[in-house]
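You will see two complexes here that share chain A, one where it goes with chain B and one where it goes with chain C.
Presenting the complex of A and B:
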């Protein structure tokens, strides 16, 4: 087997592995640990310049409750859900259809259309910020949840289509042909045969897109201004305070904001990893 | 019940011609087997009949009805795929009834037909399992059951047994034969397996490079091949081909010189070839005689290269004076071994003669 399982390597390799793995892990998690520790420091620590040392006290309850008192974080989290869930449903639902069409039907511009979906992913979205903002303004969708959802769906559908098309291509085509010979209509083939088999792909993609959209900061700031609409990533700004930045509160808010995707990851870990590898191997 | 008729049917993928003009009549209730080397277009022809591939030109009729614009579902055909194509998320019962359910059959009707197919194929105890919980042979039966419930006029099978082990193949072969007897519908069956073709077929179609080489009953193809391709393709081990030259030809006999110094005379009908013509003589391994009478005739000698003692028979692979390889089937008690000189003789009645250029058969019809 390649790579050789650690359990079967030489003892010295195993020893090094056992030492290096935790070290690498801690290094990798250092920023996260930093945020987590900051979120329970008293603000005096930060004022005194004790950024990285041992906290002088543990203000867990105080800091976290202040976040809820001083800001509308609950509201922002609700906003995040209001943007994320429709986007996931929209983008995944649409890409089931586009992916199916591109994978199953042979029509002349099939490949061109597919490449357009793929190519869209290579446009750096920063250069789209101003045109998109102008477009949303003239469509009357600036600063609305609908606007955010619509644009997220539009931007995510390219990747989702790539993912779904490749997944459906990997299904045995004989299933579809067999159903056709049996006289099953195309819609019913899609609904009764392909959709059930796509369930793992749908789960994987939903988890991926959920995290992408939840963690989005860029479009949230470009396309929304008011607190009514802003999702939690952008809304946290409110905690910055007038004269000095309350880092301990921002850190606490970040941790709170990160909880839903982290929970999602742990609940659906299997699908999440499947999602990453599905995309990678069925290319 | 239906006949299947192809007239000058062609299929090309882009600029590549795959099926190059096929004319074929399959009678109602006939068991027709397509054989041919890999890539010759057997599956493509079958898929054209099923409606999964468009016909580039020519015509296809099923039951006398032109099929060019008829959807696969409306052709009255059912197809069993090599991979079985069972719906993995449905139980056996759902798999079998799915097509009927989707095309609006009543529940009672579906149940009745499913039960009948199940009892015919002994699927009873498997009905609530998923395909992943079935063995290869059981999956195969489910795939056939799914075809049966549609009560098609024509069954299409694309190498349905190729994924099964030898024992199961024999069993399934017999079951499909029984099924054909019970249902009496037209069946078209693609296979690689000689034995399947010979035992199951009413009619064998030998395809090669997108054209039909010969159509006929199994024994017709075996004993009266139309050309060297069919002669070499049907039968295992393969027919021996030996280069010969015509010495003289008169009174319905041709005298041939064989590799080495041997000669033999073969009776022949029709126009006789001129002296000096080079021909190919074909003789099946089981017809080549060895032993005393062969030694007496002195026609041919081979040096044994490999001897396979199979108990019931012995296969000798020998080379003739000019290096031609020849296979000979001897009886199980034959004692000759590798390196020995093997006296051979070719019974005139079992010899085919092929024109060296056109490969057309000149003589040799063992069914006379």
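Presenting the complex of A and C:
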């Protein structure tokens, strides 16, 4: 193990380390702690210039309910779910198929197709934006959650295919071979033999894509115009303009907007990190 | 029997294409074709609604005379260089946290936290952190130097202020990659090197970092792509200002072609093509490297 395990070091090093850990964490999360404390301050604190001192009151319920009463944030959150959940289902579903095809079958253009997905995943959004917006307009899906979902599903299929293909490559191929010898059809092999083994990959990808799409801001801005389709990221930008100096409300709204992916992360931590660090150990 | 074998052979020939069809179709329509369409649009003068007029390379020639283009390009370079600091910084944090004391798992999760939050919220948090009159940073600077600085309102510092906000989640990302890498280091090699009296820096440099190469590669990929994709933070924190000094190509393109007043589709497409060309250099390097790994095993 590197660095040397702390238990094997001198007692004074151990003591410093135990003390340094929480201090470093507080410094690292200082901006976040600041915004969390601000979100429960009474607005009189901010008016009196008490930005960093102990809050003069605990206004959690007042501030958070004001956010919901004075803004469309409830709608924005709902819109975010309406975009995020179908995208997760669509992109993960499609990539189970593409990933399987690229991992299991040997055909001449296999690597070309695979690297098309990988490369497409890295392109800047701006090179897609004008044609994608025009296409969405001509399909009558502009300013709808369906339009956003269609694009997100297509784009995320790139990353998901990379992920699924590498995951399936790691499965024992003998399983598929013996099923073929038994005369099981290709679809049944996929559905009954491989799919059940893909559960961890599906879980990992689902949390990752959920977070990516929930946090998307560019496409939310470009493809959604009105409040009834706007996801929460684009909505936050609007609220920032609306509330200007009411930082206790902006802070509370930020916390609300950040909550779903944070909850997802803490509930599914193992899968989340397994997904994110794919490839960080081999190769 | 022969008939059966041929049927199975056929099935195995067309099956992959059936599995690929829906995904490839979607990906082609929304990702592959639009790239070529954008390149095509960049040769036109077009307001997005009326007829297109062919102007050849005029949009690109205009770019070369546009000061905003050079500002954006320069800022993209600054982003790229400073963002790379996330890699050593992430490694440093990972080394700090790679211990097995009680509660370390929770510490690791909380250090990773900034990456989970959307960049919109990160941007708001840092806007607040930098805000003149009441932000924490001006207070600290004021305490140390006697004069407060409004980071985001000052042309000299605004871009660096935005990049610092971006580094926060990016360091967390690199940290988690390195923690996973450190977890998979060959302990025998480390112990053998310890026997040979290797420690500290020489151990890190000669034994640990070479074994972390896969993690470093991924950290490079996500950091370079992240730096060149920067858009959210600029839009939230500075809207490209003050006086356009924090523009990068992605934001400049948005202003020209996608924002409320942006109707210069051809010009915007040309900016996008330049950004795409820059990223293509990196994408090619990454793909070649991944292809080599693919061939080797």
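Operating definition for what follows: the second predicted complex is superposed on the first by the 236 of 283 C-alpha atoms of A that agree within 3 Å, B and C clash if a C-alpha of one lies under 4 Å from a C-alpha of the other, contacts with A are read in each partner's own complex, and residues count from 1 in each chain.
Heads up, the rule we're going with is that contacts are C-beta pairs under 8 Å (C-beta built on N, C-alpha and C of every residue); 3 or more make two chains touch, one makes a residue touch a chain.
On a predicted model such as this, the values are computed, not experimentally measured, just so you know.
Undergrad: Which chain, chain B or chain C, is in touch with more residues of chain A?
TA: On the superposition, C touches more of the residues of chain A.
Undergrad: Which partner chains sit in contact with A:19 here, chain B, chain C, both or neither? Use first/second/both/neither.
TA: After superposition on chain A, A:19 lies in contact with neither partner.
Undergrad: Answer with first, second, both or neither: which of chain B and chain C does A:123 touch in the superposed model?
TA: second
Undergrad: Should A:68 be classified as contacting the first partner (chain B), the second (chain C), both, or neither?
TA: After superposing on A, A:68 lies clear of both chain B and chain C.
Undergrad: With the two structures laid over each other on chain A, which partner does A:58 touch: chain B (first), chain C (second), both, or neither?
TA: A:58: touches no partner chain.
Undergrad: Tell me the contact category for A:190 with respect to chain B and chain C: first, second, both or neither.
TA: The answer is second: A:190 touches chain C but not chain B.
Undergrad: Touch check for A:240: first (chain B), second (chain C), both, or neither?
TA: In the superposition, A:240 touches chain C alone.
Undergrad: Is A:182 contacted by the first partner chain B, the second partner chain C, both or neither?
TA: Once the two structures are laid over each other on A, A:182 reaches chain B alone.
Undergrad: Based on the superposed arrangement, let me know which partner A:174 touches: chain B (first), chain C (second), both, or neither?
TA: first
Undergrad: Indicate the residue numbers of chain A shared between its chain B interface and its chain C interface, in ascending order.
TA: In chain A, residues 180, 183, 185 are touched by chain B and also by chain C.
Undergrad: Under the stated contact criterion, what part of chain A meets chain C in this complex?
TA: 1-7, 17-18, 21, 24-25, 28-32, 34-35, 38, 46, 49, 51-52, 94-95, 97-98, 100-102, 104-105, 107, 110-111, 113, 115-120, 122-135, 150-151, 153-155, 157-158, 161, 180, 183, 185-187, 190, 211, 214-215, 217-218, 221-222, 233, 236-237, 240, 247, 250-251, 254, 257-258, 261-262, 265-266, 269, 273, 276-277, 279-283
Undergrad: So in the complex, which bits of chain A are touching chain B?
TA: 172, 174-175, 177-185, 188, 192-193, 196-197
Undergrad: So in the complex, which bits of chain C are touching chain A?
TA: 8, 11-13, 15-17, 19-20, 22-24, 26-27, 29-35, 37-38, 41, 48, 95-96, 98-101, 107, 109-114, 116-121, 124-126, 128-129, 134, 136, 139, 168, 173, 176-178, 180-185, 187, 190, 199, 203-204, 207-208, 214-215, 217-218, 221, 225, 228-229, 231-232, 235-236, 249-250, 253-254, 257-258, 265, 268-269, 271-273, 275-276, 279, 282-283, 286-287, 290-291, 293-294
Undergrad: Where on chain B is chain A touching in the complex?
TA: 50-52, 71-74, 77-79, 81-83, 85, 87-89, 98-99, 102-103, 146, 150
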